[in-house]
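Shared between the two complexes below is subunit A, which has subunit B as its partner in the first and subunit C in the second.
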Partner chain A sequence: MFLGTIVYALVNSVILALMAIGFNLTFGISGVANFAYGALYIFSAYASWMLMNLLHIPYLPAAVISILLTTLLGALMYRFVLLRIRGQVLSEVIATFGIGLAILELFRYLGFVGFEYTLPVFIDRSFFIAGTYVDMQRIIIVIAGVLIVVALWIFTHHTAVGLAFRGIAQDERTALSLGIDSDWIATLSVSFGAGLAALAATIIIPLGSISPGEGYDVLIKALAVCIIGGLGSTGGVIVASFIIGFAERFTDSYIGSHWTMIVSLAAILIVLIVKPSGLFGKQKELEERI
Partner chain B sequence: MKKRKERIDRGIKARSGDIFALSSWREMLYLSAPRLIPIIGFMVLPLVLGDYWQKVLLSVAVFALLAISWDILAQSGMISLGQALFFGTGAYAAGIFNYYWHWHPLISIAAATIAGGLLCTLFLLPVLRLRGIYFSMVTLIIPLMLVRIIEATKIFGGTEGLTGIEALSSKWIELYLAMAVLTAALFGFRRMIASDYGLILKAINDNDRSVINAGINIYWFKTQALFISACVGAFAGAFMTHVYMFAGMPVFALDYSILPIAAAVVGGPGTLAGATLGAFILVPLSEILRGIGGLRIVLYGLFLVVFIVALPEGIFQYVQRKYHQFERWVEVE
Partner chain C sequence: MAPSALLQVTGVYKNFGGVQAVSDLSFELSPGELLGLIGPNGCGKTTTVNLITGFVKPSQGKIFFQGRNITGMAPHKIVRLGIARTFQMVKPFYQLPAYKNMIIPLYSPRVKQLAGGKYGDRDAVALDLLEEVGFERDAYVAYKNASVLPQGYLKRLELAKAIALQPDLMILDELFSGLSLAEVASILPIIEKLRQEGKTIIMIEHRLKELFRIADRVVVLNFGEKIAEGPSNVVMESDAVKKAYLGVEA
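Here is the complex of A and B:
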């Protein structure tokens, strides 16, 4: 029981990290809190589902196409909406929230609710680890999570675009004076964030089914992890997802499943009140509280 | 030939705006019409509408109050994404007063307004120091958390909610109570915002550190603004509890957070009148569109985006400008 809980907590932590990392990338680089994030996650899952079940495209190309579509949607969202209100944080929040709401509720309206809306697992097998059964998909999630984090680190530290990303994150005006087009980089950051959401959806959704309500949950989980870890800090995201992941699983096993959501929400509240920039956030004391 | 748009105050505005030596009925009407139209409208509407639209009018008033409550907070520099917290707390407070202690509906509404306001202020007191988006995130989270807590601990009827709450004695009392409170809130808080007290609140929004520099305790003023706004929201919730004779988990629903923001954004944030106007546009619109079901929320989402991007000042400011000023194209020299 105890070891099994630890194994599942580990998987849960990686899932949380995958869900949060795209949101974190966008916020850390362009400062846009993309509240349409959960909607983009669900959008890509439904896109894969439709490509597979309506157009009968095999799973792998369907997943790739839907990830590319979501990335494109993110870029369009920045170009046509966010660019005009850039820098006004609360307008950005309201606009992205509006977009997210529109996407999710559109799917709900079109009747995309039910257990048949699910994506296939990659490999249908399960293993016996530490006294519990763990299916192949969960192991793939852990491996993919590690690979994505490593790939993201290499991308931001050793490629020209990645360095430009970090450049505008540090100081947008200095980056401009060095010839980095900050609008273009911000577009990329929003679309990469969307792409990561889609990638996470492709890997995680096979565990459950697709539903519009899931979009809000993903947004709240991504927010929770990012707030606790510190908005814009990748190390913080990983640590925070382990904290929440373990806390959730252990409350689920030992207290009751009703309490899992409350644990993460309470964790956010406490962190926000005590240290709004999060455990690993860069101190920007005057911007966040007075 | 390049041209630019020039805006000039109308003559009647210049004559009647500052110097109150009114010489004609026309000038008096010009000044009083914007105030009289809503007041007369609020008084006459309940009489002319049918049964169904009277119910709609009630929810218009409730959402207008929530939007006003959002706007008061927003003008004091606190952007809330969770008006449902105020609404739900007020609703549950009224439910508890009436269900467990059997208080008369009017007393229970009044008590729930104050109790809800106090409770919400206590909930948000620890995060008053947070600014901008951090405050918004907390307000988004708290109503969600309260729902889960009610679900997990099964207090106050749990998922079933409190049913069989006493209704107000007649629909006319319901209608005119809602209209009276809306009128009082709209004009009262507009006056409050225009006073020196409101000036401090707006200054906190513009630049909080310079207000601190002026030797003013901004936390005390923010607490007061929060309490006022929470009371308005809690009244809406308590009132709705007695109209629907039910208080349960749906009172913390996303609708009560999103619609007031949409109303304020569409109508024009920062004026209170804009928030009311927004509610009077959006709620009936959503009733007309009831046939399309869930698509309504999609439309709200799109409304938010379009208005934030294309008309950030909102309808009210736009109309107000047209009322007071005329525009003409002049050549650029």
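Here is the complex of A and C:
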């Protein structure tokens, strides 16, 4: 049971990292806390479902189209709404949460609720690993998680746009003085974040079903991971995902499944009390702010 | 506007609420000229730089660069036209090594435009530029994060980033502040070399002795207004300038 718990904790950690990495990327670069993140995740899943079931497009192209559509939606959201309220943190939170609420509740209103709304697994096989059966989709999730983190590192360290992302994240005025268009980079950061939410949905949703409620769960999980890791820190997101991922699985296996949500929330509270900026956060600590 | 003027500032005003930061400011700058912008603290020098570089918009007046109206244009667009600036309070990307700080301007649309899409090895160009401004290549200073570099290196890095943009006009905001006499003495030849290469430069300085060694002309501001303009030896004899600096009636 112990080894099996470790295997599932590892998968759970990667799922959390995938759910949070897009939210973190957007916040780290543009400073926008995109509270529509969970809704974009669900939007992409419903888009794939509709393309497959209404237009009869095979899953892979449907997934690619829905990822592109979600990326575009993120960009439009920034250009037409967030650009006008840029820098007003509370307004950004309310606007993005409002957009997210509208998307999720529209799907609920249109009747997209039920177990039939799901996406197929990529390969229907399972393996016996460390004394437990692990299905291929979970293995794909772990591999995809590693690949996405590596790809993001290469992108942010070795491409012009990636370097511009890091420049804006560190000092917008300096970036502007070097000819970087901060609004364009912020648009890209929100759309990339949306695209990563869609990619995560494509890989993770086949484990369960699509529902508006899942959008809220994803947002809460992304927030939990980012707050614990430190908003804007990719390393922090990965470490926090593993802390919560392992804590949840071990709680589930050894204490009881109804305690798992409490573990995440308790972890947020403890980190906020001990280190308000998160484990790897770059925000000023309380003593420095006074 | 004089046909040869690279930059023309005409009747520019800037208010911050009830504070008149710049008032009816006008001056011109010819290609290849080094203009000193001086005045007591709070006289509007940095606001003037921010107005020219688009970081703040004028309340009134116009600014032309190479005959083009750049009034209120976004800062990144002004950079692309060929104006580069440094900041009084240095602004490196602290979490990046010094040479990576250079890679960002080397990737900028301005450089892309000038290089016709051919950049060469950016790391090598970055290291060469840093060496030009005094980073010792053998000591690996260029590979250290900006967060651990002393002020002297950060000022040099600030200058190198501006040079990397291959601008037609460079605005150096208090480049010498916080530096020792020896450090200033080592940076002066770099600026003189830029001048020999035909660069047009505006320098904001409090280190007047060093500035007057290299400036063709100075503009003196006080309470946001231009109170004198001309060669440094003439300007410093002006009653208004003496009063502004020394607080005494001439």
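The rule is simple: the second predicted complex is superposed on the first by the 284 of 290 C-alpha atoms of A that agree within 3 Å, B and C clash if a C-alpha of one lies under 4 Å from a C-alpha of the other, contacts with A are read in each partner's own complex, and residues count from 1 in each chain.
What we mean here is this: contacts are C-beta pairs under 8 Å (C-beta built on N, C-alpha and C of every residue); 3 or more make two chains touch, one makes a residue touch a chain.
None of the values given here were measured: they were computed from a predicted structure.
With the C-alpha superposition on subunit A as described, subunit C and subunit B fit side by side in the combined arrangement. Once the two complexes are overlaid on the shared chain, A:A33 sits against subunit B while remaining clear of subunit C. Once the two complexes are laid over each other on the shared chain, residue contacts for A:A175 go to subunit C alone; subunit B is not touched.
Contacts of A:I67 after superposition: neither subunit B nor subunit C is touched. By the touch criterion defined above, A:V81 lies against subunit B but remains apart from subunit C after alignment on the C-alpha atoms of chain A. The partner of subunit A that touches more of its residues, comparing subunit B with subunit C, is B. Annotation: apex subunit A, arms to subunit B and subunit C, angle 90° (C-alpha centres, rounded to a multiple of 10). When the two structures are aligned on the shared chain, A:L163 is found in touch with subunit C, with no touch to subunit B. The minimum CA-CA separation between subunit B and subunit C in the overlaid arrangement is 12 Å, rounded to the whole angstrom.
Across the superposed pair, subunit B and subunit C touch subunit A at no common residue. Against subunit A, in their complex, subunit C makes its touches with residues 53, 55, 74-76, 79-80, 84-85, 87, 91-96, 100, 103-105, 107-110, 161, 165.
Touching subunit A in their complex are the following residues of subunit B: 79, 81, 126-127, 129-134, 136-138, 140-142, 144-145, 148-149, 151-152, 208-209, 212, 218, 254, 258, 261, 265, 292-295, 297-305, 308-309, 312. Chain contact summary for the complex, subunit A toward subunit C: residues 160, 163-164, 166-167, 170-171, 173-182. Here subunit A touches subunit B in the complex through residues 33, 81, 84-85, 89-91, 93-95, 97-103, 105-106, 108-109, 216, 220, 223, 227, 256, 258-259, 261-262, 265-266, 268-269, 272-273, 276, 286-290, going by the rule given at the top.
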